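Look at the two complexes coming up: subunit A is in both, with subunit B in one and subunit C in the other.
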Partner chain A sequence: MIRYRGWKQWLLVLAVLHGTIAAAGFLAPYDPTEQDREHPYLPPMKLHLVDSQGHFHFRPFFYALHPRDGSLDQFEESSGQVQPLGFLVSGRPYRLLGLVPSRLHLFGAQTSKIYLLGSDAYGRDQLSRILYGGQISLLAGLLGAGLTLCFGVLIGATAGYYGGWRDGLLMRLAELFVALPWLYLLLALRAFLPLSVRPVQAFFLIVLVIGAVGWARPARLVRGVVLSAKERDFVRAARGFGATDGYLLRRHILPETSSVILTQAAILVPQFVLAEMTLSFLGLGVPEPTPSWGSLLASLEQYSVLVSYWWMYLPALAIVPFFLGYLGLASALQQEISVEKIEGKTGGDVW
Partner chain B sequence: MEARFTFGRWFGYGLLTAATILFSQPVTAAPQSTNEELLTLPGEIGKQGGRIVVSLRAEPKTLNPVIAADTPSREVILGAMQADLIHINRATQLTEPALAKSWKVSEDGLQYTLNLRNGLRFSDGQPFDADDILFTFRVYLDENVHGTQRDKLIVGDKPIAVRKVDRETVVFQLAKPYGAGERLFDGVTILPRHLLEKPYAEGKLSQSWTLATPANQWAGLGPFRLKEYLAGQKLVLERNPYYWKQDTKGNRLPYLDELVFLFVPNADAQVLRFQSGETDLISRLSADNFSLLSRQQRGFTMSDAGPGLEYNFLFFNLNGPGEKTSPDLARKMKWFREVKFRQAVSQAIDRDAIVRLVYQGRGAPLWGPVTPGNPRWLNTAIPHPARSLEKARELLKEAGFTWTTATDGGPALVDSEAKPVEFSILTSSTNADRTKMATLIQEDLKQLGMQAQVVPMEFRSLLDRITQTKEYETCVLGLVSFDADATADSNVWLSSGGNHLWNPSQAHPATAWEAEIDKLMEQQLAASKYDQRKKAFDRVQQILVENQPMIFLASPDILVGAKTSVGNFHPAALEPYVLWNVEQLYFKDALGYARQ
Partner chain C sequence: MRYFLRRLIQAAFLLTGVSILTFLFSTLAPGNYFDEMRLNPQISPETVAALRAQYQLDQPLPLRYGRWVNSVLHGEMGFSFAYNSPVRPLLWTRARNTLLLTLSATLIAWALALPLGVLSAATRGRLPDRSLSWATAAALVIPDLVFALALLILAVRSGWFPTGGIVSVGFESLSPIQKFLDLASHMALPVLALVFSALPALLRHVRAAVREVLDAPFLRAAASHGIPRRILLYRYALRAAANPLISLFGFSIGALLSGSLLVEVVMSWPGLGPLLLESILARDLYVVIGGVLFSTIFLVAGNFLADIFIYWADPRIRTGKAAR
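Coming up: the complex of A and B.
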């Protein structure tokens, strides 16, 4: 029983994390593209409960920041007016999960804007950008992994099941795909694409690219499993009874690969989130002003940003819990499956 | 590993050169010559000795002034190795005597009589006289040499004629009066006839004086002479003992023993080198890096030399649709050709935000092509309208544009055929400042209902699109005038010019206003009086602002820095910003040079 809880726990963690990102519209106080030109590179604001006179407030509050004398990017708290934090306030309209129109935000402030994680070069709220950026990055990772697995299963099963020249051809192709220097090819590819790509187009392009590039590894794994599964006695028996290839694959062989596919999925998703970040970092991703975790990190290419504004690193930290979640799930699944296999075997002997 | 290895090597060199300098000092002391006519420079009296290290963003392609076209080569050659007859003082922006101690212009403005300094020598000790000048101009004007300055020396379709009167007097005859006058001679560096006459006669001049030239095959009249070149690493120059300037106490300049150019291609890497003390001076700093260095206070003098001559602008593709133009682009070109559309875009741009967010306030908003760094030519009558979305909308309405509701609920601008107004803005991917500008403009235009996409692109492919294929919609770019004079950017304003970016190299001016600019530019060039020239160039600026082929955005300040131990550090708004008075730079602490 304990081992079941293992992967379920991880699944719960991941569900919470993804839920947070999916509800970005509600959790983020502002629109991620909204510029506040008076407040570039604002450091994260601190929430207080006790004001400068020592009075205790039940409602958390913050102080507005203003530039230090003679500086444009150095700010300090103006401890004069207390800015109370409002909960469940009405703000900019958004669509929850892209469907439900709403104006309700978890928190916000009335007179002054609140930047819990600071602002970027254009005065855009870093917290809102990380939350919205996660939608792009995670969705690209999930869709990319789904696409890759579809390709992988299709190609791997064909190669493993039919064997012969099909196997040779597909596996050589897979080797070629593994060996190609993808990053350089993608950079070259960008030159051929139309100049301006809309964010939505760019997004699906990324998913397609990620999905098309990654299929080789899962295909080879699936092929291996199929290769051994098709020689199993029950498969031979089914074939002897006149089962068609389609039936055999669907009913007997592919279910054998499910464990491999699940583990692969749990490994591939974070990998592809990282791939999206790499592409966006290099300017091949979703264009400005739409945020994604990769393009949020791209500003760190500048030395002055790197050493001056530590909160610009935060998007890099945002992926850490996701990685842990997915990798934890992958190893829990693997354990689960190996245990199941052993039990299955012993059970079989007894029976 | 690589970096450490290199550092170790430099360390070794540093010790070695310091020792050599200490011991060889008396030997290389200024040669005595009684009849030398030295130029005396005012300014702080410095200390002899030391070496200054600066970063260069690329390796110079050549040391040959005739064919040098790239910025690093010109910076090294003009800034430190060679000299011209009449020089533009980078601080005052006015001409002053250099190799010519005085000059006279005839009444009609056609004849320039230059009197040369007597008794000067090249850096190899050979004498300099009028024959070197005749040779120099013969080479510069020779079509077969393909010199980069040839165009500049052809006035009124005829090359300048040069005549020697005696050893110290040369007469230049122009076919037509030339507005900028003696500014013409700035940057035309004098070549040593005794070294280059032979390669020139053999037709090999353009192959001579590469970076690999042995130091004894090279000579110049600048403050420093060639010492050593290490491919991919650095160029080392040493003091020219025959240099023709002295300080008010009669000490021969330059003060420094060595000037070293390190090749550091990346701006951020240059900042790191400066921060770690490897280099002594830094120029062309971005505002971000400037405030970063200012904040650190580690023995640097950081200086804001005010607005320079760089102007950044957004321009539209105003080329007529050709055969290969896609229908999509042809449709967009129709909007761009509508002057009210361009004016509306200009009205909607928040220039103050650009100065604040891109330059951290260290810059000036621009409404015309001339920056505040060039007060002599700035047309002060050009209005500075505040940003107004209302006015912009009115202009668009007059031009036949209307609004509908976009999918996200905001306004969407559509043209008379009900097509949404969407276009891309190209920027150079290596220039973070301009990409930032484009992102701000994108947001500004979104409020007008225009959908702009910022497309950062590798600089060479960007130039290729603008000048060759002409497949682009709009672009944010910047130019730096090489001189604070009306003629400096003729190449941009003349419709036949290669840098007439919105529609380059036209056979005939495409529009009436471009024809008028052509005429006015010719007028100001032919006029000899400043007032007449100013009037013509003021009108040019006005036409440009009325028609907005380029929407001028902002000009960054010249931001530079030096170690506090560097004396006579007076950065200027003109190139080379920190090295223009390199002969007067010195180290205040005597051990300045032994530190490496």
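Coming up: the complex of A and C.
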């Protein structure tokens, strides 16, 4: 088995990754919806330090691209004019984290536009779109996971604590949700919600749909923990002293479930990010021009894009480090918990 | 026999539950197929209302559900507005294609997961185990959407595999062997993508289950009696570890169905996935419900198969003294 180092390291990795996406406004040179109709499907530009005459520059620079003679989609560098890269330049205004207004960008170019990861059909900067798209996808995953865990804890605690017919009913329903293929369920739910809505509404619809699909697993796990916790001596003692149900749950029982919930969160977030990507990829997510990792990939459904413009695939790779981080975190948490020897099943297997 | 009867009743409850659930969702839907027509000035509101009445969309939910159940029992499963035909024949050809894909992928994934998992458990901590667990971790990190798209790009660029569709043009004129090869080459990519998405999780479960058994006293005794390793692993250990794995087999079909939906859309395989997507966008109500129900039927069938296997593999269930 691979040895997973402590969960704190993984948390740090994830914090850096999420921080990168959160700072999209600063890191991205352009606005994700800013079009440049003159330059569709430009390939990624290379940064140089040595120019065509062999001179060394301390400041990295690039060459603007122009179509090769007699070709429409083959580009070459116009090596005549050096385009220096500017750092901490002033550009398009944006709001950092949606709050702090700023015009400062990490890098930019003055005379010619720079496309480090190429441009799409409308000449929009792919790098900026990937960074901003990550905000939508990750936020949907995080909020969806939060929502699903809330449902899961509520339902699991009700079923486990009160038992009886509530337990029977809720757990049958949970079995139904666990059994169904989740993508079919996701699509069926999405099918019966409005199709063409504004981006913000669409975003919350998706969060709602994703959050409503996954509650069954955490609910079953929470129920198991609550079942064993409510028979513990200190809980019985507290009940004997006349503690109310609400107090018992809040003070004594739900804290016991925290490790299960944390592990489930680490498992669910990447799954839900992927769910958002899938919905957007299928055209049921946040509509254009707002980017999300899924809708960025949707252009690959065109044959010509698939054949000619490999950089359109790059958004797919953006999710891989996040998956790695969450997988590591979930495994480390599970090991931590098994070391703590908490009774009963805690997280199940990762995926 | 009572065991199977109980399972059948559970399956019936599941199917009823799913159908009621999807119907309930459908009432939440803020639009229907005929809304598009309302925007068309050439179609009068009366016509739209008449159409709605004709398809009984204006009637209360319980009544519509009753009618739908009735049409299911008559083998129609409602009516597709877009295709202007009953839903079942429409879904049937698509479901066959999905089944072809999912079944092949399930078989291949399990055929790989069992020996690799046993190998990994048997060489615990040594090179084969370590490299396999690295490989599964790497595979878990790559989402199936990303992998399927990468495969598609590879296929398009190299031209090794046909992309999209289930058979080539002129399939009918081929000889049986050519037909098989043509079908196989079309299936190769989607099946590969599905196997990739299912294999890592299966491998981990097989490894965990077998490893748990390997520590059991009866296996140590058998090993010290000098029973060959091969027989020890495959005849004794695997059989003892079979129970949770067979239940997993039922679940793996559900996971593969979800994966299949996405892979079908990406690789333009004419299965349930693209049809479902299309009917969602067109608000073709009964096709959506039928599609979800078909996927549930596959799932139920898979779990039933798993139940039969367990019945055969676990004598405790046969004698009615199941541990669980």
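Quick note on the criterion: the second predicted complex is superposed on the first by the 318 of 351 C-alpha atoms of A that agree within 3 Å, B and C clash if a C-alpha of one lies under 4 Å from a C-alpha of the other, contacts with A are read in each partner's own complex, and residues count from 1 in each chain.
Basically, a contact is a pair of C-beta atoms (placed from the backbone, for glycine too) under 8 Å apart; a residue touches a chain by one contact, two chains touch by 3 or more.
Only a predicted model underlies this, so the values are computations on that prediction, with no experimental measurement involved.
When the shared chain is aligned, no partner comes close enough to touch A:Phe56: not subunit B, not subunit C. Within the superposed three-chain model, A:Phe234 lies out of touch with both subunit B and subunit C [touch as defined at top]. Residue contacts after overlaying the shared chain place A:Leu189 against subunit C, while subunit B stays out of touching range. By the touch criterion defined above, A:Gly283 lies against subunit B and subunit C together after alignment on the C-alpha atoms of chain A. When the two complexes are overlaid on their common chain A, residue A:Leu317 makes contact with subunit C while staying clear of subunit B. In the superposed model, A:Leu274 makes contact with subunit C only, not with subunit B. When the shared chain is aligned, subunit B comes close enough to touch A:Ser304, but subunit C does not. By the touch criterion defined above, A:Trp165 lies against neither subunit B nor subunit C after alignment on the C-alpha atoms of chain A. Ranked by how many residues of subunit A each touches, subunit B and subunit C are led by C. Common to the subunit B and subunit C contact sets on subunit A are residues 191, 195, 283, 301, 303, 307.
Subunit A meets subunit C in the complex at residues 1-2, 172, 175-176, 179-185, 187-195, 274, 277-278, 281-284, 294, 297, 300-301, 303, 306-307, 310, 313, 316-317, 319-320, 323-324, 327, 349-351. Within the complex formed with subunit B, the subunit A residues making contact are 33, 35, 37, 40, 71-74, 93, 121-123, 191, 195-198, 283, 287-289, 301-305, 307-308.
The touching residues of subunit B, counted against subunit A in their complex, run 268, 271-272, 286, 288-289, 291-292, 295, 350, 353, 356-357, 360-361, 409, 422-424, 426, 429, 432, 436, 439-440, 442-443, 453-456, 461, 471-473.
Every residue of subunit C that touches subunit A in the complex is listed here, in rising order: 14, 17-18, 21-22, 25-26, 28-31, 125, 129-130, 133-134, 137, 140-143, 145-146, 149-150, 152-153, 156-157, 200-201, 204-205, 208, 254-255, 257-259, 261-262, 265-266, 276-277, 279-281, 283, 288-289, 291-292, 295-296, 299, 303.
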